[in-house]
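Each in structure tokens, the structures are laid out below.
Next come two complexes, and both contain chain A; in the first it sits with chain B, in the second with chain C.
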Partner chain A sequence: MVQFFSDVLIRTVDLALIAVGLSCVYSLIRFPNIALVQYAVAGSFLALLLQGAGLPLPVAGLLACLLVGGLAVLLNVTVFERLLASGSAIAMVGSLAVTMILSAVFLVVFGPDSRRFDLDSHPVIRVLDARLTVHQLTAVGLTAGAVIVLALLLFRTTLGRSMRATATNRVLAAATGIDARLITNTVVFLSGVLAALGGIGLALKGEMNIQLGMDVLLPVFAAAILGGLGNALGAVAGAVIIATAETLVTNVNLGPLVGEPLLFLPASYATAMSFLILVAALLVRPHGLFVNEVKRV
Partner chain B sequence: MIDVSNVRAGYGDGADILNGISLHAAGGEIVTILGPNGCGKSTLLKCIAGFLAPRAGTVAIDGEDVGAVPVHRKVRGYGVGFVPQTDNVFATLSVSENIRLGARHLPRAEREGRFDALMRQYPTLAAKQNRKASALSGGERQILSLVRALIAGPKILLLDEPSAGLSPLMMHEVFDAIAGIRDDTGMCIVMVEQNAFEALGIADRAYVLTLGTVAMEGRARDLLADPSMRELYLGGSVAG
Partner chain C sequence: MFEFLIHVSTMACLFGLLALSLNLQVGFAGLVNFGHIALFGCGTYGAAIAFANQWGPVAGLLLGGAAAALLALAFARLGRNLGADYWGIATLSIAEILRTFATNEQWLTGGAQGIHGLPMLFGSLPAPWGPLATLGLCAVLLAVCWALCQRLVNGRYGLALKLLREEPQLASSLGYDLAALRRTPLVISGLIAAVAGFLFAHYTTFVGPDQLYSAETFLIWSMLIVGGLGNNLGAVAGAFLMQFLLAYVPFVKDALGLPSEFVAAMRLTLVGGGLLAFLLWRTQGLIPERIGGRHA
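Presenting the complex of A and B:
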């Protein structure tokens, strides 16, 4: 049982930060930027490169996050802002194109092989019944820390209030003296940092691969949509739900049901499960699970 | 204080909505803009606020041409407060967050001082300051939007239909508050209104627009007595 919860936790951590980044930035740009999953890949590989150049991993990781944040702003200003002028559907298709282009770039620059951070060892810690590596715990800590910092930023600082204000009502934000474009690009930067940190967390726990972004694309989207796109903390809850569903599908022994000692569904069913939940949720609560506010005219 | 002269403006590459409008408003007066629905009242206000740059003509504040200055810089740089016609609160933020955002550029002590003073002045809002703005009634939202603009200490207040959707009682409350602001602060207030006679009751001067041009202008009390005004608003003609 404890192992089950720790599996859910680890999977949640895989998805949470990228989903939070996606959700945050959606609240300001009003299209789901698919390229975010590639920012995660970029983050992990940049951190690897910087570590290879002699920097300690924490420094390399921080620098990689900042660089990816910068990349996100650059792409937003040069590509997405312009596409958005033609509508959010166009911008979303554009973000798919950027995702593909980045895939090709990663293949050329980083190659197809899986890589690992240079870490001395993977000491295993037993927490009650569950086995966790130190690096998995680090990823959990990084994720929790980032979510807490983000929540404090959003709800306890003037910058955060300006972000939420701009997300709710751009016109009124401008009339209140808020530079909506500056705020938007600040959030775009943050979303890049969060995605990169998510990617580094993913790579910390095992291997990194240029496919990693495409692998998490669907569950990350499912988590962000479940949480109600635009609701940053809802995305964390969405990630928990998707992780639980996936873990249930792959970890539960179905053997007794069919009179066999052991029967596990293959891991590929996990994705199908997130979709089942997503479709069901969208049919019942199309704006996510946590929306109870009626939009007044 | 505000000088609009021969302004033409429109949206995107659409036709001109404002066809050469001139308007003047000074400190310490309420100027109301009247006219049928769709004649360009909100557009004129957006042009003064800076949401829309004039295609021709000038918008000047204290003699300086501000036609190209974007809205968010008008708030701090020129002391402009703007209350839009619809969607004029941050619905997902609390009442106190809405208000404090209006003064986010001020030092904390000054911001809190003004916040406390405004809360004493508008006790209905004070009682609900921790609620989300979406939970307020229409009248409370109008007051909230007004207070959000006021906390910045503007010199110019642009109000787009502050009485829209209010009960007659609430409307008088809001109008009393607006008249009070003029009397207490000497602010320059430009107010678009549908309720022509009530607006003229507190305004000093008025402009009546039709189809993007000024059809009538004058002192509020003269317009109130003008038979053609009565015809426009009380007679059978379509007045929106």
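Presenting the complex of A and C:
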């Protein structure tokens, strides 16, 4: 049972930060930015490169996060701001195009093989009955820390108040003297940092490869949409739901249902399960579980 | 070289069909479908499952068409109360669920290995004529579907679709049933995609889940954006352009002596870069949508 909860926790951590980043940026820029999952890959690869250049991993990770944040702002200013003028669907297709171009860049620069951070072996710790590695615990700590810092930033600082004001009513916020474009780009920067941190967390626990981004794309979207796109902390709750569902699907013995002793679904059905929850949730509550915004037609 | 040209042309015709059908959804009705490849997959697997159970190709075509129509109805049901971007993600999810299903349910779909050995359409004809006849059939079907799409979108019905795309609330206030207006083009487009899938299955003689990656949907999207959203001729032109461009990438690789990753990276760059360049600098595509009536 404890192992089950720890599996859920680990999977939540996989998804949470990228989903939070996605949700954050959606509150200000009204389109789901698919390229965000590639920022996560960029973050882990940059950290790897910087570590290879001789920096200690924490410094390399921090630097990589900042660089990816910069990349996110750069892409927002040069590409997405212009595309958004033609509508959110066009911007979404544009973010898809950016995703593909980034994939091509990763493929040429890093090659198709999986890589790992240069770390000590993964010593296993027993917490109650669950087996965890130090690196998994580090990732959990990083995620929890980042979410807490973000929550404090959003709800305890002037900058956070400006962000929430701009998200709620851009025109009114501008009228009170908030520089909406600056705030937007700050949030874009933050989303890049969060995604990169999420990517580094993913890579800490296992391998990194160029497919990482596409692999987490739909679970991350499912988590963010379940939490109500635009609701940053809702995305964490969404990630918990998705992680629970995925872990349940692969761990529950369906044998008794069909009269056989043992029947487990293939592991690849785990992600399919999260998509199914997403589709079902969208059928019932079209705009996520934690959003009350009315959107007609 | 001649055979290669025939092959690329056949693929271009098949993707032309797919581009036409996606254009009906995206270009005219404004339905942002990211799961289009699943409708194509209904066609391929319809053919493959009918072959595996020896029901004959006609049953395969019917099976594929029925599955695609059902899936299109499911898409339409989902779209009844979803914003465009949410619907895009939902369709993408459904396409991925179906691909996962096709990969894992060995008893029905042959699993990851897929189903091999489907008969060629004109397999009995001697060497150059079999593929040529297939190309001819695909070209004729493309022309027929093009005419069908043209007929659909010119005239009152097309105007209603465009109104749905631009001002859904106005369309609703004029008494149009929005749900029905979304359903019909989705089902028609699903049937066209299923026919393309059926032909593809009997042309390549192999059906597998690897043909249904979302990347294929995005490739069709790039054809539309490059060719011109909301213009049937543009969709077909985009399909031919992208297919021929992508087909010659391996030759460039050989000529320059580049590693094999280059092919995959170059394909991604062509599709992504084409999409982005046209979105940024020529949103209307190569052949822009004709705005206004016949006499405008």
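As a convention for this text, the second predicted complex is superposed on the first by the 286 of 297 C-alpha atoms of A that agree within 3 Å, B and C clash if a C-alpha of one lies under 4 Å from a C-alpha of the other, contacts with A are read in each partner's own complex, and residues count from 1 in each chain.
The definition used in the following text is that contacts are C-beta pairs under 8 Å (C-beta built on N, C-alpha and C of every residue); 3 or more make two chains touch, one makes a residue touch a chain.
This is a predicted model, so every value here is computed, not measured.
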item: Which superposed partner A:Asn169 touches (first chain B, second chain C, both, neither); value: first
item: Which superposed partner A:Leu63 touches (first chain B, second chain C, both, neither); value: neither
item: Greater chain A contact set [chain C / chain B]; value: C
item: First, second, both or neither for A:Ala144, with chain B first and chain C second; value: neither
item: First, second, both or neither for A:Asp179, with chain B first and chain C second; value: first
item: Which superposed partner A:Phe31 touches (first chain B, second chain C, both, neither); value: second
item: Shared contact residues on chain A - chain B and chain C; value: 295-297
item: Residues of chain C touching chain A in the complex; value: 30, 32, 77-78, 81-86, 88-90, 92-94, 96-97, 100-101, 103-104, 168-169, 172, 178, 218, 221-222, 225, 261-262, 264-266, 268-269, 271-273, 275-276, 279-280, 283
item: Chain C-facing residues of chain A, complex; value: 31-32, 79, 82-83, 86, 88-90, 92-94, 96-101, 103-105, 107-108, 111-112, 218, 221-222, 225, 266, 268-269, 271-272, 275-276, 278-279, 282-283, 286-287, 295-297
item: Of all residues in chain A, those that touch chain B in their complex; value: 158, 161-162, 164-165, 167-169, 171-180, 293-297
item: Chain B residues touching chain A - in the complex, by the definition given at the top; value: 49, 51, 70-73, 75-76, 82-84, 86-93, 97, 100-102, 104-105, 132, 134, 148-149, 152
